[in-house]
Amino acid sequence: MKYINELHEGNKMTGVYLCKHKQPAVTKNGKSYENVILQDKTGTIDAKIWEPNSVGIADFDSLDYIDVVGDVTSFAGALQVSIKRARKVKEGEYNPADYLPASKFNIETMYAELLQFIRTVKNPYFSQLLSYYFEMDTELIKAFKNSSAAKNVHHGFIGGLLEHTLGVTRLCDYYAKAYPILNRDLLITSAIFHDIGKTKELSAFPQNDYTDDGQLLGHIMIGAEMIHDAAQKIPGFPEKLEHELKHCILAHHGELEYGSPKKPALAEALALNLADNTDAKMETMKEIFENAGDNNGWLGYNRIFESNLRRSSEE
Amino acid sequence: MKYINELHEGNKMTGVYLCKHKQPAVTKNGKSYENVILQDKTGTIDAKIWEPNSVGIADFDSLDYIDVVGDVTSFAGALQVSIKRARKVKEGEYNPADYLPASKFNIETMYAELLQFIRTVKNPYFSQLLSYYFEMDTELIKAFKNSSAAKNVHHGFIGGLLEHTLGVTRLCDYYAKAYPILNRDLLITSAIFHDIGKTKELSAFPQNDYTDDGQLLGHIMIGAEMIHDAAQKIPGFPEKLEHELKHCILAHHGELEYGSPKKPALAEALALNLADNTDAKMETMKEIFENAGDNNGWLGYNRIFESNLRRSSEE
Amino acid sequence: MKYINELHEGNKMTGVYLCKHKQPAVTKNGKSYENVILQDKTGTIDAKIWEPNSVGIADFDSLDYIDVVGDVTSFAGALQVSIKRARKVKEGEYNPADYLPASKFNIETMYAELLQFIRTVKNPYFSQLLSYYFEMDTELIKAFKNSSAAKNVHHGFIGGLLEHTLGVTRLCDYYAKAYPILNRDLLITSAIFHDIGKTKELSAFPQNDYTDDGQLLGHIMIGAEMIHDAAQKIPGFPEKLEHELKHCILAHHGELEYGSPKKPALAEALALNLADNTDAKMETMKEIFENAGDNNGWLGYNRIFESNLRRSSEE
Amino acid sequence: MKYINELHEGNKMTGVYLCKHKQPAVTKNGKSYENVILQDKTGTIDAKIWEPNSVGIADFDSLDYIDVVGDVTSFAGALQVSIKRARKVKEGEYNPADYLPASKFNIETMYAELLQFIRTVKNPYFSQLLSYYFEMDTELIKAFKNSSAAKNVHHGFIGGLLEHTLGVTRLCDYYAKAYPILNRDLLITSAIFHDIGKTKELSAFPQNDYTDDGQLLGHIMIGAEMIHDAAQKIPGFPEKLEHELKHCILAHHGELEYGSPKKPALAEALALNLADNTDAKMETMKEIFENAGDNNGWLGYNRIFESNLRRSSEE
Amino acid sequence: MKYINELHEGNKMTGVYLCKHKQPAVTKNGKSYENVILQDKTGTIDAKIWEPNSVGIADFDSLDYIDVVGDVTSFAGALQVSIKRARKVKEGEYNPADYLPASKFNIETMYAELLQFIRTVKNPYFSQLLSYYFEMDTELIKAFKNSSAAKNVHHGFIGGLLEHTLGVTRLCDYYAKAYPILNRDLLITSAIFHDIGKTKELSAFPQNDYTDDGQLLGHIMIGAEMIHDAAQKIPGFPEKLEHELKHCILAHHGELEYGSPKKPALAEALALNLADNTDAKMETMKEIFENAGDNNGWLGYNRIFESNLRRSSEE
Amino acid sequence: MKYINELHEGNKMTGVYLCKHKQPAVTKNGKSYENVILQDKTGTIDAKIWEPNSVGIADFDSLDYIDVVGDVTSFAGALQVSIKRARKVKEGEYNPADYLPASKFNIETMYAELLQFIRTVKNPYFSQLLSYYFEMDTELIKAFKNSSAAKNVHHGFIGGLLEHTLGVTRLCDYYAKAYPILNRDLLITSAIFHDIGKTKELSAFPQNDYTDDGQLLGHIMIGAEMIHDAAQKIPGFPEKLEHELKHCILAHHGELEYGSPKKPALAEALALNLADNTDAKMETMKEIFENAGDNNGWLGYNRIFESNLRRSSEE
């Protein structure tokens, strides 16, 4: 089996791929066929099933993993697969990590570093709250490790939420040393919790799409509620600490028009907002450069940065 | 005892008034005195204690109720009281309703109407949720009846939250008849709950100021959390209903820049936003006209409405 | 004859349809043909005339009603008609109401309700002004009954202007009871007149497009001028009343950036703006849901409401 | 009699001045007096009537012209007049031009130039329309010559409307030569009419304040209506021309948020907007420099230009 | 040879044309061909090379001038050339002015007028500065004459920078007479220099695209630096004059959000901004009308002017 | 001599203070006196010279250092000095650092750290450029050490520019490690240069006000020009590097509306903008808390952060 980014015109394609999308269609002369998009971790490729009801084509749906035999051709300058045989495979016959975009960093290594940060929090209530989710709630831990940090924009891959959370926490750790007005415990705790609501706002891969409550409530509100629910279960958790921590979550987008119902009113909320913004923008820029491949020239107008962009010279 | 808006130059002032504000000061020639503002439900008046340490002047603070003897004079075109004797009185010696701005409508009558609306909600979960707070939580009921709907702007008086909630609920009741796409139960329930967080965002009268969690979280977040906490306690409360109801609360300011973390995504959230906006603006206009007294001319530029305003002609 | 939304692949199409659009085209191998869009009140369908100069194809233009014979086929997943014969028909051979989108409510019933509201206006000048147009100007009455309230957005169908005007007037009637500061006569009169300029801003159906003066002046300016012209003809019409009424028309979009040259300066102008906004938004939402058919899930991002939308749950 | 800007401490003040403002007040020890502001065309000066009911002090009101006898003193670094005698004078005893800010240019000379421009308009309908107001309507001509172009900002003096109209017309005349796409007749006519509504939006001097219809309708709407009323009386006036001319008036503020209900849709409307903006901004800058006197340094932040300002160097 | 706007279906195309764009492609059945766009000063036409490797097709690239033989056909309603033979020609075999959009005015005549304006500047330092570039720097002079004033929008043709600079300078000359507060020398000098940075921001025709430093710095910064570099070389050039002139360049876009790092702080900077805006908008409107050909109706919504546009009536 | 924040009512004031402000005034009964503000590094105090022409009062101006003898009294609740004798002292008789707000960090220590960073830059051209100013230009070095980073807002004290530059450089050093896409040499060099224009935008202490070229050009433009001038003098300095470095300076405010003529187009420009924003906001917050003294409650609405602010709880 070859990765999609290794295929060339004339190749035979064989092996298991994720069917990202599948839709029936009709040719101009009235013949039924099917448009399919196949995916692995290196990219996607268009495919056609010209004989949907032939013997070798078993039934399958979008988001199934299928064992494919087909021919790689070229159409209008792009590669296209003509699928001859297709069979839905079962969990266990494939490794999802081969088919989905994933963090370049090892997830367990990153999680270990997150736990290290958690151990540096001295306030006993914050410490218990972190432990409640990140050490004891196995379902949350699993979801947290696998979530992306976004549907589209930055960190939109498996482990993306963890990678981003770690990037923000490291920045906050730096800030806590550089700016003594900051209460480190509150800052580190809010950094680790800041996007926890995304475990519920987005469904798991391969779907990675907004859930119903994600649409209705958003990860900011969901995250604040998760903190509230846990704090209720920790005896003696001071209300003021709960409010300050929830405030940091609520305010971490920095501006009302970015979906924060409150502007930062505490120095730690401000610092969290700055760290989140910094890590998100630097990662977005990195992904743009990665997608540009070898192109060292101007990459065209980018709507997020409202500017044409290019890499700086190598010197 | 006379109400403040009945006092004239030369009058003797006697009786119990609320001390809204008290601050020590020094005259140009170095003599200590105290600036005081006295309040009853008809307004406020400036007062001075020229002999702070004299026999008749007992110790008291801002927001105490005091029994006053003084002379009404005129200074720079405004009335001023020279306080000769002052004594702090105890709870029971006065009726707070005489000293604080209050709704013109009877609070119990309004509350009865609210309960009537609650009884029209047929969905058993919404019905239980409404009952949880508005029929069984006596502390919440007391707070709800006494709260204002705002520190400054509209409905900033005792019973204001109830009066505004009722105005919004009546509008939603009208909408439910006029626009059949609306789910009446969801709409009426969200109308009644929409500002419930204000019972915690603002402290009780006479203070009526933002609380610490009011500042950090805001009434939108607090209200959604109150719904969540109660829904947790109602067996079988469907998650989807809880999310829809919380969404209506979150979105009721209509725009992110007005502090809603979500724009309305359901027709009921949109309708609630329209009703809230309508009742708030009409009440604000009404209060502007009341403050204008007999003035039927142009009242000057108003920052909320971004326009000079006047009453329309009587015809 | 079948309605367009009842056609299936393989059907014969016969009967009179509105030709909404017609444009000559050329196939890749140089053959002339014609693209046509046929319409009835249930929707539109693409059609092709592959032999434009054949015997059965008589001459006709866009916006003509034509008697068609054709075959219903399927192309790229959508239905398409191959027109074999076409003949332009005359007024009288068809009922326009079958071909154009129209209000679901009976126009005469709605107009009768509007006249009822007019009779409740007590001020003699406003009463005469309403009568001048809505009881005596037969041309205006006809135009008013047939106009849409918009080219695209909400109420974009025959009777739409009347239905929207009635919706706004009913809301204002409710407001007048709920908020005693409002001068009912001024409010009801301005509600009925608020979009009267649309009878001139948009051309009649089936065109329903901006007129030249609609583009240059807009319905707000046109409406104010219509009031002015009639007031000139009513002896003794007080200038102040004319100005207040015109102000309500000018300010009813609420914000300068929405095309109102003045922000509301009277309570009635504010109320009219709130009623117009409420009725327009609720109708827009209703039309979105109608277009969604049976889809109870998320309908996708909507640019007017700046949100993904869905119906609330049935309970 | 001395002009106000020639008075010094110790002078006797005698002569007729405009009483711009008058308001009763009370001293700290309870004595009644009156605050007065006197004005002539060179500026204003504070004055006090310490003995309001004394023999020499006759009754008068704000905006009366009064014959004054008083002493010029100095208080807190500014001059102040102690009025000993005051008598209201009648029309004819004074020349208003001595008391009100006025254009530095001769009004009749400017008006003659305006008439010259009118004679260059060849289109017979525009020509008659201009004549209707500017040659035949004596009341309008008088008002037009005396109006300011604004209450506060630029050209806020007698003859200001005429001076500004002329400045805009001259610019449009230049544009018509420089940019051949422009229809000169439409442009010159709309330039001359563009602010005609200000004759009714602002009351006459010395008041120069917004009228009731000025507040409710604004000069843009009033101006368009004046054109409409005259066009109705000119036989055969083409509707299309009337609409184009009214469009230029409506759009001349250039942006909806500046009170234009339409953005420029014709080249002439755009040109008029550019000319109006240019003349208004250059005059505003000129008035800022005049008020700065000899100061060639930085004049401080200016809110209109959102910048600190200074004169350029003399070289 | 025929100009592109004179070609018809069935014509033979022969002669030299600019190859604006060339890109290899593959037909559905796998055959290689090339998409080409040919250009002359009258427009562009699509072309295909169906046999890229045949004898008559020599090697050439985008932006080469090529001698073409081909057949003009029609496809999907538009003309298309099938190229049979193509040969790259050398400089000298063609006149670039025939192939590129160019000012309708004679470049040398315009430049002579610019030099006339330069001679009216009396200040010796400004005079030397103008001479440094516009009389002595032959490379700059050549670039200035050939540059466009923009990649897309207004004056996007050879000589466009000169034509726009002259239009702005003439307006400033008019302003200097009309508004005596203006320092004519500073204003005329800054008008002539205002867009000089565009000679480096955009590459020469036929490319006319942003350069690397154009992207990174922009013509405002580049222009200010060019003034600085020359002023350094003129003995005794007063710093204050240099700063004022650079300020006018920096501020000439008028608003920070349009790329000016400073708002106008001098009357001359304001005047330059008004002149630049006026000339740019009038030219943009002119180009829209030219592109509309004979269409005297509504031309559709224009994003620059945020309005539907049409020519005014002829009359 | 006592520091100003140590003075009490009844004290004798003796010693050298900075006269921050001095202005003649007149009492109600016409007597001349002078208002003076005295300053040292601990704060300011109001003072009066009641006998300006008496023997002990020598001539002096605003911003002179004066040797004062006076009595500390209390007026309207605030301390006030009655100056009996005053004498202007010469440079050398005082240490400016005692009279002006200054960084809490040692300036030489900070500068040594900056030089350390400079030594880590490997690119020879950037290295020379840094050396040109920060190691060889003694005047610039002196100015850089003494400048504030702002007139009002953050880092508005001696050494403030150095302290802020160092804070930004440290953050960029952290970013370079955390985000490998960043070119460290370009980033560190642009961090060190980013506000260098402030040495010319603001005049030296004690004045610390905008200079003429600061007003006209701003520190962004001045800084880019300083880089340009030095790069011209370094043989072989690559144009592309100069443009990239200048771009980082131009874009470091991040948004056009904050005075950057370009949005960040390089990752390093983005990183610099994030670092500048982070350090400025954290320092602003720190100064707000310092000014709040012991107040751990809500500090009131802050316009920069658009929020009420408070310290987080101590835990």
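Per-chain numbering from 1; labels A, B, C, D, E and F assigned in written order.
One rule holds in what follows: a residue touches a chain if its C-beta (ideal position, glycine included) is under 8 Å from a C-beta of that chain, and two chains touch if they have at least 3 such contacts.
Only a predicted model underlies this, so the values are computations on that prediction, with no experimental measurement involved.
Overlaying chain D on chain F by C-alpha atoms takes a rotation of 120 degrees, rounded in steps of 5.
Ranked by distance of CA centroids from chain D, the top chain is A.
Greatest centre-to-centre distance from chain C is found for F, with centres as Cα means.
Look at the contact of chain A with chain E and you find different residues on each copy: under half of the numbers used there are shared. Distance between chain centres (mean CA atoms), chain B to chain C: 43 Å. Shared contact sites, meaning residues of chain C that touch two or more other chains, fall at 212, 215, 240, 244, 262, 265-266, 308, 310. Contact topology of the protein chains: irregular, matching none of line, ring, star or complete. Interchain contacts (touch definition given at top) occur between A-B, A-C, A-E, A-F, B-C, B-D, B-F, C-D, C-E, D-E, D-F, E-F. Chain E makes touch with chain F in their complex at residues 212-213, 215-218, 220-221, 224-225, 228, 239-240, 243-244, 246-247, 250, 256-262, 265-266.
Residues 25-26, 28, 30, 210, 212, 215 of chain E touch chain A in their complex.
Residues 73-77, 298, 308, 310 of chain C touch chain A in their complex.
Residues 123, 167, 170-171, 174-175, 178-179, 181, 183, 185-186, 240-241, 244, 262-268, 270-271, 274, 277-278, 281-282, 285-286, 289, 305-315 of chain E touch chain D in their complex.
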